[in-house]
């Protein structure tokens, strides 16, 4: 059951453009990869909460990995060890680990956060995921790839070719040989996800899960603000915060996205 | 001193004057994980329409300074699902349920209101004739006093529960509108709905919301809502539920002093699910500190010259 | 690339589209100590009435979340002093001066407008028929399309300068109002005045403002102002001066994309007297980055599908 | 000529309920006692500026003395040495030192700020002002009275009698013997000022100056938000920020205050 919590930041690491905040969560706090926390940002509580995926630190502790995008995320990145965060969570539906011969994780930018957590979960189950991760350029990564390389089969992409493959995480994915039955787990910008969905075709969308980023107000399914179009007769919407943020690619109506 | 939070709204008894706004609390399930719905003064459910309604295309929300825009557009699963699954569940907490009703024609409103009354599970009907987010319907029904009055009397004929009419603050003549719907049989007013507004992404030069326009809620618009309650209180005798940008107990007390018998909190739920109960506690504390015995004494107090003896913790004036 | 900030508004040539709002910049002297008035696109002076007007009793201002309420109430030294002392001085900076005119009867408006035109020092008249802070006059004149239209044609008869009509955002039917005043001869629209609002001091249970009600300005109400400009642009062809909560260049560009030919900044002056010129610089930088040659190309761009090729810094679409 | 400045905080002292911030003002910055700075409070500039009187530190440097009353003043009190303040000023009309045998300064609460500055100015002119200062209780003063006692002829009042005279600064003033021709300079809450004006009578109001506190928006005379009623035929208002904040008591219409 989710709850409203306050947790202390016990460790802070900066990896390139992203800041990792390791949280001292209460005993019994359990979360699945792909779930998120809805975090109060800014001192006065006058701005809406901001959703951030749960990730894990090198020692496997639950953490956030925040890339500054605006006021809220910048505020978060400026927090110091010892300060407390107020959040609701864990919220939403996480990834389901499929029964497949190959597990491919595809991360764009800060999309690495839930996938690192997922990779850890997979390793606990003795699976060997491979991970394609794309960023703008080498500096954006910082030292995180070195750490991740010890955790899974990692390949990198940068738009400018300064590190790894030249192109996006998606280009990297396209360039690699995969078995037809590989299960795919993706998190990143909207363009990346829809590009992937198109590329996958109908069969592939059955085995692909995507974590979508939608602006959120409540984060718990009450306001219907985070609607994503789903493939049903009524052309209706699902709430990304509650029915997602992880969806099977086939569940979403990519035409209406 | 024990503060008397109990109040009565168009004959409906409430344990305290704090409700939750339509559309900001789903149909209760989501927030029931965080707070006890049974501790609320009442619950106003999300707008229900006769048939299921998919709502507007995303993006549906955008944050603005001290506020937010939404263009949800009446997304709901329709009356049948609501009466079967949602209403019985939410009525189970034993606090009055105000069912917010919307539609795309007068008949639809009347039909939905009648069925809600027939269910025996609601305490009142709240007519949303001020939704800025649907093209046909919504604000359309309050573009003139006559249209609004006709709608109210149509619904009134078929509803045997108190009918609250929810108005927009974007009215040239809010007082005249309040008087018109009161004459047409409204038992109470819900003031206010969001203010029509919009935002543009300058990098792309396109509206931020899929629906182009939306409604502004939150602290930014609170002073506009307070004035609406103030004006309504001056023009009609029926009770008012005050809403719009209530963030803490002070804002709620402000609404009550402006003339609201009860209040409803909306957007703040998104930031703090515990807010409605914090508002209840805050009002209680204020009353104790000021020596106010019943919350009803505060209703409209600012129209009567305020506390006679400010700051000294004495009882209100002619309350 | 050099960005073309020059623009034309009802035939009035401006070096850039950024003005200062009536009532937020005194009659220029106060801020001339901080910035060069000659660098502005234009100056809108504080409402002037036929006779001196003491204004409303204090307190006259109250801060609200991301906004403020004011109930100044047209305090000014009257037309004679304005024409003798203020207008010549402010006209000396060589930028167009829009003289904001208010009154307590149609005749007064017409009289003041005529004398302002006769002075030969003004570029345009801005008719304030939307002041929330005076009981008789102000909003009174825009309570119906007919009243507003009659006022505009009365003034139009006696004014030989462009007449801009300043409207309130609190109108059921803003589009209809815009069309009515345009038909009556308005050369342009100023959108928007403050939104009627109020605030109550709960400790004393009395209104915060001496005048009880006031007008909400600042970022809080910006999304409401953007929608007003958007709706007006859809309903009439006359130029629009967009105002309401502009805090930085993005807010100004947003207004322009919604349909404003020029903008005016108000409340932000109080926080940063340099804001109008920062807005000018910000617009210039944005245009350079986006490869927009003339600011006119941005006017109403969001109605035409926005930048065709977003993010790539290409020229706007059908602009 | 006033200007928009940024100045560093070079020293911070806490005196009871008030915080002194000593500013490193640019050379040539000149101000008169009673003038104020209009200070940007809060990080994002989204709240109106707040007016604070100029005061002086023990070494005679220009400073602010801030009593937390709400968001803006609390933010100011939380600033640290080395941070910068953004302000407009010096603004407004200050005190005029009258030609009188006796100079009595009356301060309520943070009203001490401009009067300490005035007292310094008087001493430079070899005058010996006396100062009545009232606070709620002893703790509110901190160690400031000890310092002030070296600067002028000081007497204190507290409502609860925990230090000095039991009562308000005004009660203290009433209790003292004064020559008819004493010049009075007062700053404090509205109640204190109007109580004093009533007590003084018409003749006394000619020789008394008061610094009024009005809510301000622009601070420079442009918005007419800080209106105070003046005694003229038209029952008009003066702008406290520009025509004040210091007025002769006779200039103000105490009936309409």
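Some notes on this structure:
Letters A, B, C and D mark the chains as written, and numbering starts fresh at 1 in each.
One rule holds in what follows: contacts are C-beta pairs under 8 Å (C-beta built on N, C-alpha and C of every residue); 3 or more make two chains touch, one makes a residue touch a chain.
Bear in mind that the values here come from a model prediction, so they are computed numbers and not experimental data.
Taking the mean of the C-alpha atoms as each chain's centre, subunit A and subunit C sit 46 Å apart. Averaged Cα coordinates give subunit A a centre that lies 56 Å from the centre of subunit D. Separating the centre of subunit C from that of subunit D, both taken as means of CA atoms, is a distance of 37 Å.
Among the residues of subunit B, those in touch with two or more other chains are 65-66, 219, 247. Among all residues of subunit D, those that touch two or more other chains are 46.
Chain contact topology: the protein chains form an open path, each linked only to its neighbours in the line.
Chains that are in contact with each other form these pairs: A-B, B-C, C-D. Note for the complex: subunit B touches subunit A at residues 23-26, 29-31, 33-34, 52, 54-55, 57-63, 66, 68, 70, 72, 75, 219, 247, 267, 269-274.
For subunit B in complex with subunit C, the residues that touch the partner chain are 64-67, 69, 142-144, 169-173, 195-200, 202-207, 212-213, 216, 218-224, 226-227, 230, 245, 247, 250, 253-254, 257-258, 286, 298, 301-302, 305-307, 310-311, 316.
Contacts from subunit A toward subunit B in the complex involve residues 1-4, 40, 45-49, 88, 214-229, 234-237, 242, 256.
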